[in-house]
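Multiple structures are listed underneath, in structure tokens.
Next, two complexes with chain A in common: one pairs it with chain B, the other with chain C.
The block that comes next holds the complex of A and B.
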């Protein structure tokens, strides 16, 4: 009984709300949209496929927020990396294209990270600026043109392909979440990320290289956005400057709802996965309900507001 | 104490910041198993001295010897690697992390083959340490922010004890605590004597200084006024040394 009580006491609303919210919304759609095909395996798989890029960006953001930083630029990075891969693959083999896409993401992330870690600038402002900067660069890269991605190995690997009948986007999601979760929870790097976000001075006097941790998390955000860009390009078989444009709110909401603290020191990669799936489910359910785009935006905004309010409620005690 | 080598030996330490003298000709030997209190008014140079011992500042001149070897610490990490730990006034704890992760902050234990964190061992070692030092917390997995001020102070001191092989510097360890908690922390500090560590404590409470210390070292405006054995002096003498005003006899 005391154990049960302790468990109850230690139940963390901020971390736990995602499980309840996820189940509640799933059940709601399962019941109300049963006849509209919400529960079909095809529809459910579709949700996972559509959320794959957002989930991977969310993992990067969990690390950044946990370290007390934020990345607002990842949406623009998605476009730059997808376009880089697409343009390079017009002339070079696939591996070079992949390297170009991931490299662009990592390079932009490292640029953000260096300005924050060694330029001692706030990440909010740095990435707000680079969000605009790289959105502009994405537009000029191909003069607003969409670049087709015709390499079938590429579109298979990052889009429509399957391995043992498991879609490649599901595999990418599983790999990213698995690695992200282990690094976050079970490595010294993960521990240092949390320590820096929790109390940077304590981390510093404990010998943790605070600046390096900040560089790493923002570089990771860039790398995740780079991979997300490849997934978009693979699934849509084209790259365009608009890719990733609308992901900022979705990804931040997914991460916060998933139990990651906005002010650092606490978070969850699994929570971010569920948060991302929740956003995808909302999207999907509201479309099946027949809401038009403006109603969808309103309902989604309200639900996110509610979820964020619940998950952030007790942080300021 | 005569006969044993001092753990830490400071000789003729000077420290100046841009020509402004902060510490002038300071000398002190610390022996294993003794508690020395460093007292003085605000601005007397106590913190500067602590920072020189812990490697944050280096002295302008003078020598620092650790068990007889002359040392010069490049930074706080190098002092720490030589067995000198500091308990900072703000405790330097990560509030949202469990006790055991704080105990191993920056020095986390890993296990083969993948170098993942060995949380179980960190938790067990932490539990053994807090039990041994009688720091009463619900468990080694408790989150710091669920603990009281005294418990947090206990954790910070236990952490220093775990890692220090030679010397612990305590900066105002009970400034933020109530009466009962202060007593518990003082008991804890007193018990560290038995571990053969040297302890240098900064405190504004003379009552505490007299309860805990073996010797008292007084600083005033960067000058070393004197060192007294605690049993051979009294508060009046120490107060007049701190203030420079002689108490009426």
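The block that comes next holds the complex of A and C.
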């Protein structure tokens, strides 16, 4: 009795809300929409496929927020990365296109990181500025044109392909979440990220190279956005300047609902995965319920508000 | 460009004119236009359609009063035919979201999808699953790249583009007494919808109004720059009698420029309804007329073309709905005819 009570008392509501919320909403949709195709393996797979780019962006953001930083520019990075890969692949082989896409993401991330770490500028303002900067660059890159991606190896690898019946987007998600979780939980870098986010001055005193950690997390954010851009380009078989534009709020909500603190020092890669899947499941389920578009937005907003309120209320104690 | 048809839209000049489709409007692949009035699901087959238990999904590019009117037109037609609307979505101009919306809606196994593909390139893959599943696809304005009629889609439905531009020219000319100078602000992009509307205005002025000359031409791609463009145009041509603006969003910027210059004589004509532009018109300001399309009729024709396709009947590849010239005198009827809704209270009370 006492042990059970202690266990219950020690249950971290902030970390747990995503598991409870995910399960509750899944059960709700499963019960109400079982005749509407929600539980079909095709539909459930679709949710994972549709959320793969957002999940990967969310992993980068978990690291940035945990270190006390934020990246608002990753949506723009997605478009630059996807367009870079698509344009380069019109003239060069696929590996060069992949390098161009990932390289663009990493380079922009490093640019953000250098300004924050060594320019000593706040990441919020730096990435707010670069969000606009790279959105503009994405528009000028191809003069607002969409670029088709015709390389079937690329669209298979990053979009519609399968390995042993497992869709490639699921594999990318699993790899990114697996590596992200291990690095976050079990490596020195992960520990340093949390230490910097918890108390940067104390981390500095204890010998952690705070500036370098900040550079790394923002570069990682850029790299994750770069990979997300490749996934979008593969999935749509095209790249467009609007890709990623609407992902910013979804990804931030997924990460926060997933138990990562906005002010640093605490986070969860698995939570971000579930947060991202939760967002996708809400989109999917509310459409299948037959709600009109405005009602879908209202219900989605209320559920996210509820989840975030529970998370943040716990944090503020 | 249907996404230009946002906000409420408005009122003005001649009388309610609607014109039948003209051969001048052509589809994205050069298809000849068929008037929407000839795309009808006959009462004789209604019972047969109703017995089919068909389902439809409306997968839009965005939300606006225009989309609401198209949805209403389609939904009413589907209701008449006993077809259930199982999903309505808005992609918010996000190509990836549009693809996800299609996948999600496919879980409900619709027989019909009505949609505005966000752009030909990205939508080609997005609609592939629905196309291969044999869903009857009726598209608003845009066509995914590589799609062939009739095997891949039922029809493209859009405005009578030439007629919209022509009616705008006629309205502006009437407001100027058939003489004077005109500025032409056109959409600076390769998009057949706006290009045909803009060029029809220019061609009509040049052919039908010998005493009116187009003295200034300026392309626009960013509506936020409209005020700057209009200011520059007025600086070089202070006696400009009229300005054609490619759609209502930038027309609001042009109106702001005229007001800032204290100019009450230069007339404006634009396309697609907008409450601020219409309000100026009903108050006797610079705006002479607004030419709009019949959005409700667009929705009805989309639904009808998809149903005819399901029935295996021949459907024309490119269907156009009539244009409506809205002036201060007919704002209530014009609004109703275009959007199937009463005009905003600010207009109705004028």
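Here, the second predicted complex is superposed on the first by the 313 of 317 C-alpha atoms of A that agree within 3 Å, B and C clash if a C-alpha of one lies under 4 Å from a C-alpha of the other, contacts with A are read in each partner's own complex, and residues count from 1 in each chain.
Simple rule for what comes next: a residue touches a chain if its C-beta (ideal position, glycine included) is under 8 Å from a C-beta of that chain, and two chains touch if they have at least 3 such contacts.
Not measured: the values here are computed from a predicted model.
S.K.: Which partner does A:246 reach: the first (chain B), the second (chain C), both, or neither?
M.R.: second
S.K.: Applying the touch criterion given at the start, work out whether A:179 contacts chain B, chain C, both or neither, answering first, second, both or neither.
M.R.: Neither chain B nor chain C is touched by A:179.
S.K.: Please indicate which partner A:198 is in contact with in the superposed arrangement: first for chain B, second for chain C, both, or neither.
M.R.: First partner only, chain B.
S.K.: In the three-chain superposition, say which chain, chain B or chain C, touches more residues of chain A.
M.R.: Comparing touch counts on chain A for chain B and chain C gives C.
S.K.: State whether A:298 touches chain B only (first), chain C only (second), both chains, or neither.
M.R.: In the superposition, A:298 touches no partner, neither chain B nor chain C.
S.K.: So, A:125: does it touch chain B (first), chain C (second), both, or neither?
M.R.: Touch partners of A:125: none, neither chain B nor chain C.
S.K.: So, A:27: does it touch chain B (first), chain C (second), both, or neither?
M.R.: neither
S.K.: After the superposition on A, what does A:206 contact: first (chain B), second (chain C), both or neither?
M.R.: First partner only.
S.K.: Where on chain A do chain B and chain C both make contact?
M.R.: In the superposed arrangement, which is not itself an observed complex, chain A uses no residue for both chain B and chain C.
S.K.: Taking the touch rule as given, give the residues of chain B at its contact with chain A in the complex, in rising order.
M.R.: Contacts found on chain B: 76-77, 80, 86, 88, 90-97, 101, 105-108, 110, 115-117, 119.
S.K.: Report the residues of chain C in contact with chain A in the complex, numbered from low to high.
M.R.: Residues of chain C touching chain A: 60, 63, 85-90, 92-97, 99-101, 103-105, 107-109, 119-122, 124-126, 145, 189, 221.
S.K.: Under the touch definition given earlier, write down the residues of chain A that touch chain C in their complex.
M.R.: Spelled out, the residues of chain A in touch with chain C are 36-38, 40, 42-43, 46, 49-50, 53, 144-148, 232, 235-238, 240, 242-243, 245-246, 280, 283-284, 287-288, 290, 292-294, 296.
S.K.: Considering the complex alone, what residue numbers of chain A touch chain B?
M.R.: 182, 185-188, 190-192, 194-195, 198-199, 201-203, 205-208, 261, 265-266
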